[in-house]
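Chain lettering (A, B, C and D) follows the sequence in which the chains are written, and residue indices restart at 1 in each chain.
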Amino acid sequence: MRKVAITRFAQSAGVESGDNLMDFTYRISKEVLDKAGLKRNEVGCVMIASSDIFHSGLSCANAVDWDGSGAFMIEGTRAEDSMFALIYAAMRILSGHFDTVLVTSIIKGSENPDNDTLTGFFADPFYMRPLGINETTAAAFQMREYMQRFGVSEEQCAKVAVKNLGNALFNPYAHMKKRVTVDDVLNSETVSDPLKALECAPKSEGVASVLLASGDAAERFTDKPVWIKGFGTSMDHFNLGDRDLLNGQLTVAAERAYRMAGIRQPRKEIDLAEICEPYAFQELLWCEKLGFCPDGEGGKLIDSGETQMYRAFPVNPSGGVLAMNPYVSRGLYRVIEAAMQIRGRAGEHQVDKKVRTALAHGTHGFAGQCHSVVILEG
Amino acid sequence: MGRAVAVIGTGQTRHGRRNDVSYPDLVREAVRMALEDAGITPKDIEGVVSGTMPSMMEGISDTHLYFAEALCEVGKPVLKVESCGSTGQSIAHCGFYWVASGMADLVLVVGMEKMFEGDGQATMSTVADPWFLKPFSAGAPGVFTMQAMEWMHRFNIPEDKAHEAAAFISVTHHDSALDNPYAHIKIKIGMDEAKNAPIITYPVRLLDVCPTSDGACAVILASEEMAKKIGRKPAWIRGLGFRGEEFFYGESNKSIWPSATEAAKHAYEQAGIRDPLKELDVAEIYNPFTYQEMIFYECFGFCPRGKAPDYVLEGKFNRTGELPCDPSGGVLCTNPIGASGLIRLAEATLQVTGKAGARQIEGAELALSHAMGGIDQFNGVTIVGAKL
Amino acid sequence: MTKEYGTIVNTVVLPYRWALGQTWTRFFDGLKEEKIYGTRCGTCGKVFVPAKTFCPDCYSDLDDWMDVSQEGTLKSWTLVRKSHFGQVRQPPYALGLIRLDGTDCEFIHFLGGVDWSDMQNAREKLKAGARVKAAWSKEKHADIHDISCFEPLKS
Amino acid sequence: MADEKPKEKPREMKAQVTVPYEMAMGRNWHRFFENLKEERIMGTKCGKCSRVFIPPRSFCPRCFEDNEEWVEIGQEGTIETWCYSNLMFYGQTLKPPFIAVQVHLDGTDVGLQHRIAGFDLSDFEKVRELVKSGGRVRVVWNKEKKGNIFDIDYFELIPE
């Protein structure tokens, strides 16, 4: 089978930008191409990811996204989520039809109304929407069940926010960065009980771009390729009531990625994880489902301190989604951060240990309805 | 290069105004038919791709979440791909590369739209940016009319001739739709009626324009090995291409439409087609407007630039002509946008597998399917053949 | 405008008319008569509420309709305190995941009859397994709001 | 209960969805609209392919390089194509009938979308007599400037 490498990448900072969407997209896509020394019209295929959550008030976001991503008269399309775009791009290379794919993911959170307003549009119009179900209320249901079933405490959940917002202080691209204590988190405004404001991700700008190349082509663009060793996605039931919110499809998505990458013992074989945790407790739950600790022991994992930046198993050294939440791009940001760590070029937030294999995770939908997992290797 | 990919099953809902079913139920209707056609069960599916014209048409975001069960997605790998009107082709391409990459042997591809649930033209005006284009939006007809006017001007096509040819296309397609059990608009019209229909946006008249439809279409793609194992007569994907132009309508030349021309060229190269008019047996062109269909004939190399009306009036693209185009009646008679591009592939598949019933083109072995999207911006083409 | 750079306000207003289809229509007709309808799957035997057209697990048609219990146990809940644009109602309001007796899934609805000024007491009252019962709206429109909310049963 | 039929025909649920956005113009478009206020039309030029863009792009989508040069553009141009719209839809900005036009302004290499007005549009046959692809038009400025595309009120026909 062909190999697929991440060769070059670029990301925007999460803070509000006065650039319009088109120029913003151009700036980041161009940065990647310049780094790779590749001309726009030499790219084999362009894959755009932009959100369908009423993205910037524009339907068919791909229409306006097209030019800035360099796709004029190039083979390409747009995917709904940045992880989907990355995976589809990898498949295009694996198919042997393309040697390079530029993946650009786009959103300007500052232009959109509240996250809750937009994620509310996931809901069906008859039942969940008139009841006001959105990503936050769904996550609040999930958090309470998590605490009830496994005795995970609010303090343990809050610790994730403390860790990640703290890590973000070292990440120049992060949107929210703060040194906070568990008490600060617990005393922050209640959003949707038991979720506190500091446990919920902001809405951020986020244009990120990655140039993928086939194994043979990769060395033209970089001396440090990061290989995509495995990927997997999986989908859960739509209706929250039809699911076990604590036992969703992440396990299945991860199994697919692990099988492809030949990973049997994730905790041992993976050196670092960038996890999509729009709500603090989800980092703990997702760690369990990814096989980093037994079920119900996410609380113990954070207590152990092992997931901190300079410890044995760093999780979200970038600050994660709590620090930076460009909705559709957030998965690709995890991939880029994981790739930076593997290359040893994450600057101030570079972890101490040698990172050979890293995991990047993305999720969208209510309470993790859809998960994507990507395994990267140096 | 890559693995061979076959279309082994197709399913379409009855298209039209479908308020007898909720949206997920409509989707399931198409999926069930495709499963039945391929002779497989939901368990056999290894991946699901879906797409609509993006969310503002539905008023629901990320519909792959809402349709999880209807699409047989639960516990399965999924991808969602969208490219406006060309979504139907884009999702088919996604399914193609999924199978070609070796990551799955059986992929379900589903496109859907419930256009009656939203306001089509209002939604389409939101494709335009709010600074420059949206203020002057006259909906989709406005865009397509400007294109038709530019084309006629550029090639000195007399308006009368174009008008006559457009009416001819309308009449023949509406006739064809009568033979298509899934078609939405089923009316018998005459030339006078088509030519004198009320003007929507001059020169485009009511009978030159596609309807608003609810509908869904599902297609099942398989690897060579799996297709042989299942043993139904497949249609092999022989070539595919997708191209897009600049967002601002005025920046590229829509009378020669580079994206349509290049997308087809890319597909022809893979399929080894040099003279499409001779080599293709049938074409399912995305034709929301009769005038646009003529521009496509030229872009796809079916006739010289500026000559489409002549060819049309000679009957070259009739069901009995040299290259029958849209024997299903096309988008002109059935247009659930997110499904429309995939319906073209499904119809092309039915043709080359000899399953097109009353609308069958005798002996069809090589067929082109196509979709267009954005503000005249995107074009996708897939060519299927009876032989690998 | 509050931003310090040039912007354009682009408010999108779109009309919709979503088809309920047979199943939702019949379900909401039931609510109008203070009945909560579910459907049972002939293959796996599970009972789903709200009624479904097809089984989310077996993909088979569901036509075995039943009038399910209006009481159930609370599985999870949240009290929404923060406002956002287009919210369904003014916070605070609470939502619950409720397993209605005899069904095999959770039903979602508002929670009422709880004093939110005393959170400790509220949490005690709503702990996992708490029993709740549907309270009906006086005015009915054959929609989900025909049920006003679910209220804790006095234990 | 299995044989009970629904009491009513399937219904529809009507709703109106409102979603507010505030979108950045970006430097180039901001400058463009500021110039409109002063009745000047500014475009940008690609240093590589020399095409002049209006709206003024900050980059050339084909060459993929920054457009650094600004050029003032003429206020007259040629009609590339046009469309008489009598189609009404929800939330439309311009009320029909109106004439949408793509104008090739002198000194540019692309078409600009705007409208043609300044005469009675109610009779289509008369409109058809007057408006021709290839015909010349000129800018009519809005007296009241708001820094948006309607600072150009419309394009008027230049008699042959």
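By our rule, a residue touches a chain if its C-beta (ideal position, glycine included) is under 8 Å from a C-beta of that chain, and two chains touch if they have at least 3 such contacts.
Values in this document were obtained by computation on a predicted structure and should not be read as measured data.
Steps from subunit B to subunit D, taking the shortest chain of touch contacts, total 1. Counting C-beta pairs in contact, the pair that comes out ahead of the other among A-C and A-B is A-B. Between the CA-based centres of subunit A and subunit B the separation comes to 34 Å, rounded to the whole angstrom.
Note on chain placement: the centre of subunit A and the centre of subunit D lie 37 Å apart, centres being C-alpha means. Centre to centre, using the average C-alpha position, subunit C and subunit D are separated by 45 Å. Residues of subunit B found to touch two or more other chains are 19-22, 56, 59, 68-69, 74, 117, 119, 122-123, 126, 130-131, 246-247. For subunit D, residues touching at least two other chains, in rising order: 10, 12-13, 15, 17, 19-26, 29, 61-62, 90-91, 148. In subunit A, the residues touching two or more other chains are 18, 22, 54, 56-57, 66-67, 72-73, 113, 117-118, 125-126, 237. Taken as a graph of touching chains, this assembly is complete, with every chain in contact with every other. Those residues of subunit B lying in contact with subunit D across their complex are 19-21, 59, 117, 119-122, 125, 130-139, 141-142, 145-147, 149-150, 153, 199-202, 246-251. Listing the residues of subunit B that touch subunit C in their complex gives 18-25, 28, 42, 56, 59, 68-70, 72, 74, 114, 116-119, 122-123, 126, 130-131, 214.
Note for the complex: subunit C touches subunit A at residues 3-6, 10-12, 16, 18, 20, 24, 28, 48-50, 56, 75-82, 84-89, 93, 95, 97, 105-110, 119, 127-128, 143-145. Across the complex, subunit C is touched by residues 1-2, 4, 6-26, 29-30, 33-34, 90-91, 147-148 of subunit D. The touching residues of subunit A, when paired with subunit D in their complex, are 17-24, 26, 30, 33, 39-41, 54, 56-57, 66-68, 70, 72-73, 108, 110-113, 117-118, 125-126.
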